[in-house]
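I've put the structures underneath this note.
In what follows, subunit A forms one complex with subunit B and a second complex with subunit C.
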Partner chain A sequence: MTALPDRTERRLGLVIDLDTCVGCHACVVACKGWNDQGYGAPLSDQDPQGGAPQGTFLNRVHSYEVVPERGPAQHVHFPKSCLHCEDAPCVTVCPTGASYKRVEDGIVLVEEDACIGCGLCAWACPYGARELDLAAGVMKKCTLCVDRIYNEALPEEDRVPACVRTCPAEARHFGDLSDPESEVSQLVAARGGIDLMPEQGTRPVNKYLPPRARDGWGEETDVLAPFLAPVAEEPQGFLGWLDRTLGRL
Partner chain B sequence: MSDQPTIDLSPRISDELRQTTCYMCACRCGINVHLKDGRVTYIEGNRAHPINRGVLCAKGAAGIKQVMSPARLRAPLRRVGPRGSGEFEEISWEEALETAVSWLKPLRETAPEKLAFFTGRDQSQSFTGWWAQQFGTPNYAAHGGFCSVNMAAAGIYTLGGSFWEFGTPDWEQAKLLLLFGVAEDHDSNPIKLGLARLKARGARIVGVNPIRSGYNAIADDWVGITPGTDGLFILSLVHELLRAGKIDLDFLARFTNAPVLLDCDPRSETHGLFLRDAEGRPLVIDRRSGKPAPWDGEGVEPDLRGRLRRAGVTHRAVMFELAERYLDPAYAPEKVAERCGISADQIRRVAAELARAAFDAPVVLERPWTDFRGKAHRTMPGRPVAVHAMRGISAHANGFQTCRALHLLQSLLGAVETPGSFRFKPPYPKPAESHPRPHFQATPGAPLDGPALGYPQGPEDLALHEDGSAARIDKAFTWENPLSPHGLMHMVISNAAAGDPYRIDTLFLYMANMAWNSSMNTRGTMEMLTAQDSDGEYIIPRIIYSDAYSSEMVAYADLILPDTTYLERHDCISLLDRPISEPDAAADAIRWPVIAPDRDVRPFQSVLLDLGARLGLPGMTEADGSARYADYADYITNHERKPGIGPLAGWRMGPHGLTHGRGEPNAAQIDSYIGNGGFFTAHIPPEAAYYKPWNRAYQDWAVGFGLADKPQPYLIQLWCEPLRRFQLAAEGQGPVQPPEHLRGRIRATLDPLPIWYAPLSDAVEDPAELPVHALTQRPMAMYHSWGSQNAWLRQIHGQNPLYLPTYWWQKLGLKEGDWVRVTSSHGGITVPAAHMAALNPNTVWTWNAIGKRKGAWALDPDAPESTRGFLLNHLIHELLPERGDGLRWANSDPVTGQAAWFDLRVKLEKSAAPEESQPVFGALRSPIGRGTGDC
Partner chain C sequence: MHPAPSIILFTTLSGLGFGLLVWLGVDPTPPTGWVAFAFYAIAYALALAGLAASSFHLGRRDRALKAFRQWRTSWLSREAWLAVLALGVSGLYALGLLFGLALQPLGWLGAALSLATVGATAMIYAQLRTVPRWHHWSTPALFLALSLSGGALLSGRVLIASVLLLLSAALQFWVWYDGDRRFARSGTTLASATGLGERGTPRALFPPHTGSNYLLDEMVYVVARRHALKLRAIALVLMTLLPLLLLQLPLPHFFGFLALLSHAAGVLTARWLFFAEAEHVVGLYYGKR
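And then the complex of A and B:
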């Protein structure tokens, strides 16, 4: 019902490194803090002191366990926000044109004045990346901090999304994924960055860098063994080795 | 494109940016506080700040909700109902302060020790400790005794400095990091930044932790060790490295006491002590002459194989003891693997990986330097093995020796203060002997003759009266726990209630939630706080408490002195205390009131100064009786601990204008800090940046800057002589003798070389009956209970299940939504259960301090923190179970008194789902109700 642009001039997005994300939620709260006073309506909290506190967040961290066939179980932290898809079903489903994808950078935004809070976009998004703000009655989503990244009131180095600026593990990267020379594109190429749920055909701009292999020492036994080749089995032998070694120093 | 809405891409961010220091945890990051119309609108990290370099964690970013929290106390309070009821009336500050003075003044004039002043998450300990000293009570400490004193004390006694504030992994050059259990705020952002640096360089991270979450989740390799066995694992690594000769002999000979000569005659009065010259200097054999020489003699080349027969006594280098101890097959991987809950192969792999990182690819900086013996070195070689550990290995009854074992491992690898390893941060390194000894002789009407806390070097330094009784209420520095430099806050209420060693009058607490998550035996603690004698008088007659928030402890005090939030106050993060230094720079910082309080509250430190002046305490009072300091900012600016040395090192006044380090007070000093983003940095010259304890350039720089009065090089104390002195006493030597019932334990546990012994509770708790270890972890997005009032953070951690490993999940036949009954030798809880596969098979865990008592923190009674949240504290007692010897033994480390939280053993049963987590405590009446503020 709402058209996507044929193409965008750039594809700004996030590259999130699942190898280094420690699941600290810094990005979640920095996002909440910035956007509570940033683009559009504040991010409200219902029942904030009560039995069922529930508020609007544009970015959340989930955790999963992976139990490989061999080796111990692993734990993966998975931050998730809007992926600014090239074929964004949340835009095409919007009955009012409130949801749109910007031509100049590909950011998917909601024009809140035009949003009727019908929730179709949240239903259409396969990633669950949109949240209806219950106080404002409008749909909220990641804006890629559109009010930061071009903001001339900010120093150049701060013109990045709040989540990227704050990430203590430096697991979040921002840039133009249409430019193969950009740092983010290079990272994706080097680390085998992947789309989230590619079978959905949404062509997300954001990419995830998969965790590197864990618990790999089992395969290194031959390499490591020489480092523990004994010089002695008991104190006398050790002291003899000490004598010989010190004698050479 | 023309259809697109036009949006403002450059909105105004704020009217004003003010830079101060975060206090959402103990990490002390720099923050940019944005204000609009005088209100805080956004908080982000300060890019220029040495601690966080712009990043900020979830807690820090949520500070705005803490500052406007409905749980903030609003005015001074006087208890009107029974203690524990929460019934208070608001009073004026004048009334509050005069009430406190009317209680404290008679104590000071008659028996200053009747005031017990203990602070919790206090970042002004050099000030609060000084206040206690001026008052004259020995009963002062902060919360280190129930936190990580084992890590701190082992570091200071062994390496001359400890992890976290005083030392850090060399994130820029390490090739391998061995990371043991870490509490989130020790520290927070620097560890995450550091892990990112390691990852970016392809360095390897090994996580040793029963729980694979957080930092361990991103570790390349996970050692899912059984709690309380870390020391055994480490000593097995030591065994393997010694056996393979993978140790740094040059480092050991020059910079540790491995070559120092020991009296090896079991019949000697000085058996196990160092051979010393007439000036008391420990001796080594000089390789140049083959003769004994002082350890620090010019040009001396210490011999690791040193032996000397003198006056009929054989002396050998410490190295012999090391070899004999750790080459013992008892430490072989096969022998310890089962106990540690990991495979022998895994132990060997870690050992081999350490050897590979240390010796296959050393880091060598082309940086000439000169050591304290005058030897010139052309380069700075380093072993790129970094280690970090904190509460996980610390909070056990064998924690001190485990931390010592870790420092032994680092030292054997040459991985201390060398490039790529562990680096000190000023004011450290310092030799252990340079610290004060404990001071404890209370004199009516007079200050204590020195600081209450210190580092004993032997039995003569214990805080004992002539009759052998404990001088301190917490029994710190007694034979039960001789080296307790942080005190034992977890024993204060218990001992005061028992009148053992004596009754106190006033308990004065700051920022310590002792009636809830900061105490073992939470219910018992509440009972002790409200216990009355036969006359109906409270056994602890008066309790004063200062907190900014309506915590559970508030209800148990008689007088509440409401503190400000961290954005409404002055503070100094001082080099006299726990500063924000980095390995390449000394650094300190301030907080300043970036907003004004909107309530009738005052910063606690200013209140203490006011109280001090009203009490006429020296140092806080002028000759005419007037107050010396108007407030804490005035103290920060003008106080001098000794001539030229004040709380802040930056922008002092020298003979020719502004200077740093040593200098006169400068009235504009705080303005200079504000102008510099709230902090000060003094860089260490490159030639002084490594090998600091032994590097002449560093020692000279430290003296010039005011960190020390003279160069004080020292050796790493692999053999810890103070421990041996206590052991010798237990063997019957010397005038100061332990009580008979402690002799055996002291001999066994105060070993001068690192040892491992099973947690003390294993002697009285049947592992078959209580087969499961239970732990807590601090969530990265929540700082203890102070986070639960935070509207944003409580949406992330509003409740806490007990995580069970697959083995127990299946054994109990649990499914999602089930509850479990958890029983220890002390008590039981019934709580929600959840499954976690990445877990040691005999360990369960939960998040720390999420559970809340109803009525506290301005939360609704049906808040999930109160209905589904819970504390493990109910399962842990401050004393071990009775064992029929007529004595009650503390659940603490026998060396330091550290609370052994993580020795907890439990059994598990499936339970029917109760309505709420059990036990349930009655709701507190909150003095602020649901509060006012901006959620």
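And then the complex of A and C:
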């Protein structure tokens, strides 16, 4: 059924720290690697060694520059994957029921055997979280590594999404956002986690922690700076003459 | 959005076909015998050709029948059901007409279902909040107006077609005018998309990958938008003004046919623009529209 559940028992999701993300793209590679071999059709590439390579990815890292009114611009790396929205518009538009949101943990998944590849869910998603695999002809999206997080064949520390497990900066956190006591909920509360495009009414589960304000032009950039300040207020000698003469013209 | 030829053909042809079915269904003095056969053959050819074209944009055409499953929530599924019901009910009515039997209520039901099919097609686009230009009541209104105009032209209703063409022209003109402002009105910006607006003005610095991807190919279509104004003028003239003029001339069969061809070419152009000009909010993440 592509009707959304009234409520889910848990809200599993990611919390992404824009303050600590260093933009290394390790999560992109880990995601592509894991989803090449397990759940559903493997993420394909088209023309990978050629002149115009492209492929299916479930996670991509954008980079933005934020220019404040005063002071230097801040550079923010911005990983983006499915936000497992509570009001997921991608689910309700699906004509076949291939798209669904799980009641037990809120994960949004695609039943690939039922997908006709019409692409309407990708049109309905404001975040660009769904990509049609051009080789398999079915829609691919982040599964929150549903084949890792419940997988008892894996060591316990590996039972998190591949992107979270691999992140060297620990900018990605995984947990239950419906539980106010969970580590991720505490992080969101402490750091003022936000929703992306709240005006789209999707109520995303994943939260983003805004970067801390830290860059700025300080009062004193260096202890030697005062010695480098210009000494002469008024130009003297030839420059002074030139300045006065030009001023008179 | 990517203007896929399959979708443009589908919305244009099925719009004309179902539009004709509407007028045939409500006709108080319907044609019978071979004349009825000819009219219904044209309507079915157009509607079915459109539906066949639509299946060409599917990634997995072999599973197309699964699209009937989720009519409770999905407009695409509702459209599939309504199309089959409209064709079925109109077919029964047509069968009666062939033998000189006009089961009028059946005709009305077929007309209503045909109208609903066009409405459902338009709702597939109008429901998308992610494409502010489409997310508006005027999308189904324009689809219905054009379908009814085309149907009236096809069924040779000169006065009704003239009035509807005028209405469609006015509506299309306003849709372009207002549509250009809807993205800004939607309130979705790179600032809201990234949540970085509070500390300054965000700007895309560099993309996540050097090549293109499905999202950019599908949602961010910019080629030939620079000709949009010229194309709008061409579409408006071909779709409404020229047919309107041709309808007022004598020799209704000859000039009426020309009016129909002009109208169809105009609707194809307008549909191409409908997709090519629509901006998806995901383009913001890539610093594109």
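One rule holds in what follows: the second predicted complex is superposed on the first by the 214 of 249 C-alpha atoms of A that agree within 3 Å, B and C clash if a C-alpha of one lies under 4 Å from a C-alpha of the other, contacts with A are read in each partner's own complex, and residues count from 1 in each chain.
Everything that follows uses one rule, which is that contacts are C-beta pairs under 8 Å (C-beta built on N, C-alpha and C of every residue); 3 or more make two chains touch, one makes a residue touch a chain.
If you're wondering where the values come from, they're calculated on a predicted model, not measured in any experiment.
*Asks:* Thinking of the overlay built on chain A, is A:54 touched by subunit B (first), by subunit C (second), by both, or by neither?
*Replies:* Once the two structures are laid over each other on A, A:54 reaches both partners.
*Asks:* Have a look at where A:180 lands relative to subunit B and subunit C in the superposition and call it first, second, both or neither.
*Replies:* A:180 sits against neither subunit B nor subunit C.
*Asks:* Just to be sure I read the superposition right, which of the two partners does A:240 touch: subunit B = first, subunit C = second, or both, or neither?
*Replies:* neither
*Asks:* Which of the two, subunit B or subunit C, is in touch with more residues of subunit A?
*Replies:* Subunit A has more residues touched by B than by the other partner.
*Asks:* Based on the superposed arrangement, let me know which partner A:208 touches: subunit B (first), subunit C (second), both, or neither?
*Replies:* Only subunit C; A:208 stays clear of subunit B.
*Asks:* Which holds for A:74: it touches subunit B only (first), subunit C only (second), both, or neither?
*Replies:* Once the two structures are laid over each other on A, A:74 reaches both partners.
*Asks:* Given the touch rule stated above, what does A:195 touch, subunit B (first), subunit C (second), both, or neither?
*Replies:* A:195 sits against subunit C, while subunit B stays out of touch.
*Asks:* After the superposition on A, what does A:65 contact: first (subunit B), second (subunit C), both or neither?
*Replies:* both
*Asks:* Counting contacts the way the document defines them, which residues of subunit A are shared by the two interfaces, the one with subunit B and the one with subunit C?
*Replies:* Comparing the two interfaces on subunit A, one with subunit B and one with subunit C, the shared residues are 25, 28, 52-55, 57, 63, 65, 67, 73-76, 97, 114, 211.
*Asks:* Can you tell me which positions in subunit A touch subunit B when the two form their complex?
*Replies:* For this pair, the touching residues of subunit A are 5, 19-26, 28-30, 32-34, 37-39, 45, 47-55, 57, 63, 65, 67, 72-77, 97, 100, 102-104, 109, 111, 114, 146-147, 150-154, 157-158, 162, 165-171, 211-212, 214-218, 220-221, 224-225, 227-235, 238-239, 241-243, 245-246, 249.
*Asks:* Tell me, which parts of subunit A touch subunit C in their complex?
*Replies:* Touch list, subunit A to subunit C: 1-3, 18, 25, 28, 52-57, 60-69, 73-76, 78, 80, 89, 92-98, 114-120, 122-128, 131-134, 136-139, 194-201, 208, 210-211, 213.
*Asks:* What does subunit C use to touch subunit A in their complex?
*Replies:* Listed in rising order, the residues are 1, 57-61, 63-64, 66-70, 72-77, 80, 124, 127-131, 186-188, 190, 192-196, 198-209, 211-215, 218-219, 280-282, 285-286.
*Asks:* Which positions of subunit B touch subunit A when the two form their complex?
*Replies:* 1, 3-5, 7-13, 36, 41-45, 47, 52, 54-62, 64, 70, 188-189, 192-193, 195-196, 199-200, 212-222, 224, 240, 242-246, 249-250, 303-305, 319-320, 323-324, 327, 345-346, 348-349, 351-353, 355-356, 359-360, 780-781, 789, 791-796, 798, 806, 836-839, 858-860, 862-864, 867, 930-931, 935
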